[in-house]
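Heads up, the next two complexes both have subunit A, just with different partners, subunit B and then subunit C.
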Partner chain A sequence: MGPAQGRIGEVVEASSRRCAVQCYRLYESPPLGALARVGDPPVYALITEVSTEALDPGRPVIARGEDAATVEEVYRSNPQLDKLLCTRLRCLIVGHLRDGAPVAGLPPLPPKIHSFAHPCPADEAEALVSSPDFARLLLNSDLPSPDEVIVACLRLAGRQAADGQGLLHRAGNALARELSDQVPRLNAILRRLT
Partner chain B sequence: MSVDGPLGEPLGMVVEGSLSRGVEVRLNPGVSVEEIQEGVYVTIKGERRLFFGMVTDVSLGSSDPRLAQSPPDVSDPFIARIVSGAVTYGALSVMPMLTMPPVLGDEEKPQPAKTVPAHFSITHRASQRDMEVVFGKEDSSRFYIGNPLDMEAQVCLNVEELVKRSTGVFGKSGTGKTFLTRLLLVGILQRDVASSLIFDMHNEYGWAGQDTDRNRQVQGLKQLFQSKVSVFSLDPESSIRRGSKMDFEVQVGYDEVEPADVELLRQTLNLSEVAAAAAYDLERKFGRKKWLQAFLGLAGRQEVYELANEIGVNTAALATLHNRLSQLKRYAFMKPRALDDSVKRILERLDQGVHVVLEFGRYGSNLSAYILVANLLTRRIHQRYVQRTEAAEGGSGAAPRPLVICIEEAHRFLNPNIASQTIFGDIARELRKYNVTLMVIDQRPSAIDSEVMSQIGTKVTCSLDDERDVDATLSGAQGRRELRSVLQKLDPKQQALVFGHAVPLPVVVRIREYGAGGSFQDLTRPKWQEGGYGPPTDEELDEQLKALD
Partner chain C sequence: MSLNLGKTAQQIEGFAHSLKGAQNDRSRRLSEAVDAMRRAAPEEVRAKQSGPAAQRRFLYAVAGEGLGASHPPKSAPGNFCVLSVDGSHIDVDRHMPAACALVNIGGCVLRYGDDPDAYLYNEPSLYSDDRLYLTEQTPEGATEIPIEGAILGLMRTVEEVKALAPLIRDKAPADAPTLALLDGSLILWALAGQGYPELVRTEIIQRGLTPALDALREMSRRRVLALAAYVSLPRSREAANALRLHLCEFDSAECKRVCRPRRSPHSPCSMVNHLLDRELFEELLAPGQRSCLFSTNSSIVDEYGRGHRICFYYLHTGEEVARVEMPEWVALDKALLSLTHTLILDQTRRGMGYPVAISEAHEQAVIGGGDRRTFRELVDRSLVRRGMSISGSEKSRSKRMAWV
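Right after this comes the complex of A and B.
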């Protein structure tokens, strides 16, 4: 039996600022920059890294496809790989639900381990992404390349929103206020949004 | 009347500033700097009061000092829209000038601003109503002089305040000083708060004047206000040729000229100090009222030399004086003895509330004639005013009616070398002590004595190029650094900066029309006044005829 409708995976590591989600199916993850709604009460997690690795760190992955013609053939020939590998999402916690509305910022408590992760509904994603606090949180995070994540997130949210241009404009303004003294950086981000 | 009316378009918010420098207003992202001109009025809603101020500078700013080195990609409209407003912004320098009371009543009027609005106070473009609250509506004491640069509201001068002190009309040649002066005189005439005596150098005020830009004739004060204006002339032939309805021919007797008049003519007659001072020796020798006729009656150079030796004056200086003063004999209005007393006639008119225009005819181009006559008549009129004012103070007789004396080329009478000696300098310094003030018209205000300039109550200034003229005009004005910038950017035509006693704050105006469309009717039959002056209009005649039928 497959995972419940639309569920991505479960929280396997959690803190106030970050969480890791293990996907139920290998390679079936949302893209970089997508938002997930995690746990109950829900918190919003921005996917900042997608990785696939060995489930058991003591059993490193070895090469198996020397004689295979395609990658698919490797997996067909080694059906145990689905059980030995897993796809993980590293997430930055960017918001939570307050008085029934999504707000950007850290939640009072992190999600529980094994909390379920769902794709974030488009309207909630839109509310978060266009908030000035969202841009500030991302820019001030210790992500190795926050600009890449921001671009990915905004492009995705822009595609999913009913008024994508309006969303990008509001989010762009919020970024501009934060990066008003770093015009080249702002310029580089905005150029990739159009 | 409450001032809590609808505010004008919001422009931005106060971000910093001081009372001496004015406040900086950061424009809202949607407001383009190009929509706002220097000199525009704004209101700032502070925490406790509403401020009224003027935009004194418009600037561009950015939050990143490296913007000029690495500008954003504004060819992309999305980027351009986001960057402008957040990274780049427009800013205004605003000089808060007045604070508005919460409720306007008889005692509640806008007051000079003595503080600044708090941080983040919202700034709005001044509405028509704000302008009315500040500058008033045209009525029995206020005269509509023009409109602010970007709106149709009226800017009105308080005419009673205007005539209390001297007025200066400045501007380089061709900027409309004459039109402006005509308007100011109309304002005084309409309100009947003073009489005026206009030394009309170029025959532009009494009868028709020329609008050289539009190549047409415009009506003078006599045409517009008929019996309220009397035209005197030094040159009847010229008046007749121009179709001017002259009321009196002015003659000046040699006996009326005093040595002080010669002192004033030093520059135009190119006389040395010694030569000019010799007039006093001549007066001592021949007697008061007789010296000039006797001196000009000397037959030849030999007689002049003999006289010089007799009275102990340098012969060359006296010969020069004789030679130069002999020019006076060529003026047809100069007579050994005048047939009538011009000063008496002028005073009669002034007492009746009639405004007197003295046309110079062909002598307008002769600066010596202008200076001589203006000084001579003014001195005698002023003497009478002093006597009558003092008598009134002593309880005998009424004080004379306030008088405004209007002179062109004012620096010739009021330059630092002679201002202390001329009657015009005295009048400017006396303020309204004797009910006489000046309206000085000049294109070189820097050549006027600074002490005189400091006594001018209201200045109406058209475009000026010369730095010294700008400095002289703004000397003593509050916020002159900011006003300087406003003044230097005035259009060369039909714009003026007005500041001083007759207006609550400095204002740049588009001067109202004089001579186009129904402008004359607006002047002779202002809406606030029943009846009006001058001949009835065609429409009024039609109505009268219909009534007779």
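Right after this comes the complex of A and C.
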């Protein structure tokens, strides 16, 4: 039986600015730059890093495939790996629901631990990504490579939106305002969006 | 005061020096013993073990064939299942504010083949109040024995065996050959001899282990199911002692008079002195091979019930020589015996030298230092919430705060 209602996983760490989600199934995670809707009341979390590691940090993962022809064979020969490894998402909290509408910015309270994470509906993702505050929040974050995450996020949102080009246009304008004094950086981002 | 490492190191040096001095003699005797194992004819071994000379002061393994016989593994079935259960416990601590113990049983089921899968679990169980005592009411009066220390360890072992049958029933596919693996020996050595009251033996064996083994044997009549226990780095001498008996030129009475249980002053059987079974089989077996099948003549297994006499063989995994034990109902079924050999070898290969199922069951069962402290805190908090005193012993407090 799969996770209920398309759930991705559960929050295992949370603060006002960040949260970590443990996926229910190994390697079954949304991609870098995807938005998740987390908890109730919902907050919006942007996936900034996807990692897979040992569930127990005290048990190092070792190489097992010297004699295996494929990676799949390694997993078939070691079925316990599915239960001993886990895929985790590091997320930046980028918005919340206010008066029934998604707004960019930090929520009053972080999501509870064990809150469920769902994929963010396309219309809510579009509303967030189009907001000038969204670009500002990301560019001012302490992410190690914010531009990569911005590009990944906008590309995904553009593909999912009913009017993808319009969305990218609005998001591009918001970035231009924030990066008016960093034209080469702005151009590098925009080039990758077209 | 800290340990005087200078004096300790001096003594260790002396000990290592004497070991080194004995090494050459040991190597020579090992080589002779291995040759003697290879030469030991099955009929001669059997004759000595069943004749009037069979009564000895030392435990020896009863061999069904030549002592030096070896068997290669068969190939593994396409689909199969290996499962294991292990346990860990927190013993009663009389310095704690309330008497209680915790037994944590962990297990895993690993399915290989067309539909690989894994199931891991653990289940803690608190022992408190009446559960902390073995009790018996007889016409002569009531007997009450606290379950702690070695008795708790034995109870835990029984719980591990008991946990296998429901795990197999609920989680192992009925149509796949299944190996149930336990860590350590199936022989309850601690109960051998007369150290424990009859009630302990009754509770552990007759009311615990035997019904658990019966349940597994019953299951094995309806599906392909083998039970085995894996002893890593075994220190047994039962097979070496079988050689000692085979070589002995004295009758039983003379042997009892002049020989010690652990060594003989007389040649040729003195060649076996202090040799371990695993040392002999490291020389006799190639990687992947198992030894001949032995059965133990330890008196404790006589109490296990019909069909549960413990048999064993040695297995060269490629990394070590391990001892594999199983009840007679597995050992006497050629297909099941072969299944234990094949699948344990397969498990050690997948587990980098140690059966992966046992390893994962252990990981599920183990209670780490942090969890032990948390357990104690949970007990304390629970008592405080109910307005009870949690004053532990002064000794316990003194150990935690070793002030100057």
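We take it that the second predicted complex is superposed on the first by the 194 of 194 C-alpha atoms of A that agree within 3 Å, B and C clash if a C-alpha of one lies under 4 Å from a C-alpha of the other, contacts with A are read in each partner's own complex, and residues count from 1 in each chain.
The rule we apply is simple: contacts are C-beta pairs under 8 Å (C-beta built on N, C-alpha and C of every residue); 3 or more make two chains touch, one makes a residue touch a chain.
As the structure is a computational prediction, the values presented were derived from the model and not from experiment.
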Partners on subunit A (subunit B, subunit C) - clash or fit: fit
Contacts of A:72 with subunit B and subunit C, given as first, second, both or neither: neither
Which superposed partner A:80 touches (first subunit B, second subunit C, both, neither): second
Touching partner for A:142 - first (subunit B), second (subunit C), both, neither: neither
Superposed model, subunit A: greater residue contact from subunit B or subunit C: B
Touched partner set for A:99, first subunit B, second subunit C, both or neither: neither
First (subunit B), second (subunit C), both or neither touched by A:59: second
Contacts of A:190 with subunit B and subunit C, given as first, second, both or neither: first
Distance in angstrom between the closest Cα atoms of subunit C and subunit B, superposition on A: 50
Subunit A positions touched by subunit B in one structure and by subunit C in the second: none
Complex interface listing, subunit A residues touching subunit C: 56, 59, 62, 75-84
Residue ranges of subunit C in contact with subunit A within the complex: 108, 110-112, 116-120, 350, 352, 356, 360, 363
Subunit B-touching residues of subunit A, taken from the complex the two chains share: 168-169, 172-173, 175-177, 179-184, 186-187, 190-191, 193-194
Subunit A-facing residues of subunit B, complex: 62-67, 70-73, 76, 78-79, 81-83, 85-87
